[in-house]
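Take a look at the structures below.
Two complexes follow with subunit A in common, the first pairing it with subunit B and the second with subunit C.
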Partner chain A sequence: MEANKVRESQIMKIHYLTGIAALVVVAVHIMMRLIMPYNLSLEYENVIANYHNMPYAFLLESMLVLIAIHGFNGLRIILLEMRQSKAWESGVTILTIAAMIAIIGYGTRTIIVANGLEMG
Partner chain B sequence: MAPSYIYKVCTGGEEVLMEAIDRNNREGIKGWLNPSRYGAERISYWLQRLTGVGLLGYFIGHVYETSSLTNGPDAWAAMLELTQTPMGHMILLLVIGMSTFHSANGIRLIFTQGGKGLGKPGRPDYPYDAVSLNYRQKSGIWIALILAAAAMMYGASVLFGGE
Partner chain C sequence: MTDTIEKLERLDKKRSKEHKEKEILRSSITLKILRANRAANEPAHYDTIEVPVQRSTTVLDALLWAKGYKDHSIGIRYSCRMASCGSCGMKINGIPRLACYTKVSELSGDTITCEPLSNFPHIRDLVTDFSQFFEHHKNMQPYIQNENADIKDPAKLSEFMQSPEDVDKFLQFSYCIKCGCCYAACPTVAMDTKFPGPQALAQMYRYFADTRDTAVEKRMEIVDDRHGLFRCHFAGSCSSVCPKGVDPALGIQLLRGHMLGYSSNEKKIAELKERLKK
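Right, the complex of A and B next:
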């Protein structure tokens, strides 16, 4: 059973890699808000046009997955630093993984639906 | 946690109970927030966690906020009315500062965990300053703070500058 568990050192590598990758995709996401005046970039037609752009939709999906993994693993690390016991560690891990899956699912639904929406 | 007992061994080899204290050393969140032991590294440790939790909260809120798109232009406009306000822009500025600090300090931590910038181990001489807590680490923390301030200023110029 122990052999099947992912080692914490491996999890830290994933944490660092997702952090660096998220930094890159978030930078692109912010630049997309700045290629035109900020207020204009938030208009419904422009935002939907972003979702219709397939490479950008993939970028949004990867950003969603990367930040969810990095963020909820970070929360798991903080909670494990605060208290240690087998039940607490298992509970925190299960809850953070469940929250991660839920937010990825909800965000993916938005990307898919917005991708199929008509403009205006 | 089980109580710990401190014994004194007398000359005759007899153990005398001196103190019985419940030594629960798990300070939890109070340990984080206790400022009495703060150095630059401890402030950075605390800020890294605080900004991380703040950014996770913003991320969840942002995913929810953008989901209003799926309910059509009116729902999107109603959400913008709620978020594109001076208070909403102030929160966004805070998020810009938090994300810049978290990223820059996180990169410093990745290097540190890889053994970069820690200095060479040396003989422990008085006053026993840790070699690892050196100017490289401190300047990394300052660079993260300065970058966060610069990003917030740029963000303010975009959000409040009417661009």
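Right, the complex of A and C next:
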């Protein structure tokens, strides 16, 4: 094994930990929908109010990061099992990392804009 | 040591009790055998052969009767006829089993279907190519590695001191006869050809857990790969088809626990017994 290569066990540790942490933050997120009638909690003003609430914005950001890492690593694993060649494996790894970064970037931008913070 | 042996004896008793309860007595069965010669590009087809059977007739006995008296061109691999060599692994009624260890009286229906093991390249009829399987096994370095043991100098040859508890940690995995049934049943192997498979990974755990072996880190590096230990989906089919009562899924999960750091990797290494001076 190359010295600079990330070990699969380390990736899987991150995978399991992000999965467990995502369960916790999603549970909090769902419970927050229940502090008022469900349909009311999804109204525009309430949604924007959630984004303006700094701890809640952090919760949304952590949810985005945890699910993106866990989900895209899961996708990488599924795709790795489909075909076995050096080019495919490298391609899948690079593409899933790029897609993960793009999703986190776009989601973070949405959270920042909705939070009312100025971009740039 | 006793724990593992007792467990295997219990399994054996359970198996024979179940067998007696479900025993179906017939005077003949129909063998449905998959026939194909891959080298000659022959399309696969099934041949059906009527075979007379007795209470204790095994599927291998039935196949050999068919080969001896009906069609001598049937391709079968077999050797010991007593579940020790692991040569006669095949899919019997869709499940990977040893033909010599499966009695026709324990199979329901009047037709018994015999097919080559899945996940192995097919050669001819019921014969498959085990090269890749053995290659995976070889990659696991299935032998004791210990720098303190000088095997080159006969004068220094000695024995390791192991307690029965130490032996019990890996004993069941050493009963593997490399029949390939677990490999054929594994859904990950069916998808991922680079995945070592349950047999190789269980053997990895067998040497990993052996207190005579010191190559813990080296062994972990071998399976800590994209197509290694973590690709097991824990379907558990390997353990359910093993004819020797080995639980490869358990070995894989234990190894995974060690690799993730849930279990301690520090094991007590067995000491070499000092040679008695005459």
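Worth pointing out:
The definition used in the following text is that the second predicted complex is superposed on the first by the 115 of 120 C-alpha atoms of A that agree within 3 Å, B and C clash if a C-alpha of one lies under 4 Å from a C-alpha of the other, contacts with A are read in each partner's own complex, and residues count from 1 in each chain.
Operating definition for what follows: a residue touches a chain if its C-beta (ideal position, glycine included) is under 8 Å from a C-beta of that chain, and two chains touch if they have at least 3 such contacts.
Here the structure is a predicted model, which means the values were calculated and not measured.
In the superposed model, B is the one of subunit B and subunit C that contacts more residues of subunit A.
Touch criterion met: A:7 reaches subunit C, while subunit B stays clear of it.
Of the two partner chains, neither subunit B nor subunit C is touched by A:88. Once the two complexes are overlaid on the shared chain, A:80 sits against subunit C while remaining clear of subunit B. In the superposition on chain A, contact is made by A:47 with subunit B only, not with subunit C. In the overlay built on the shared chain, the residue A:37 is in contact with subunit B alone; subunit C does not reach it. Touch criterion not met for A:58: it reaches neither subunit B nor subunit C.
Taken together, the two structures place residues 12, 16, 82, 84 of subunit A in contact with subunit B in one case and with subunit C in the other. Interface residues of subunit A facing subunit C in the complex, by the touch rule stated above, are 1, 7-9, 12-13, 16, 77, 80-82, 84, 89. The touching residues of subunit A, counted against subunit B in their complex, run 12, 16, 19-20, 23, 26, 34, 37-39, 42, 44, 47-48, 51, 64, 67-68, 71-72, 74-75, 78, 82-84, 103, 106-107, 109-110, 113-114, 117, 120. Per the touch definition, subunit B reaches subunit A in the complex via residues 26, 28-29, 32, 49, 52-53, 55-56, 59-60, 63-64, 66-67, 69-70, 73, 76-77, 80, 84, 99, 103, 106-107, 110, 113, 158-159, 163. Taken together, the subunit C residues at the contact with subunit A in this complex read 188, 191-195, 220-221, 224-231, 259-261.
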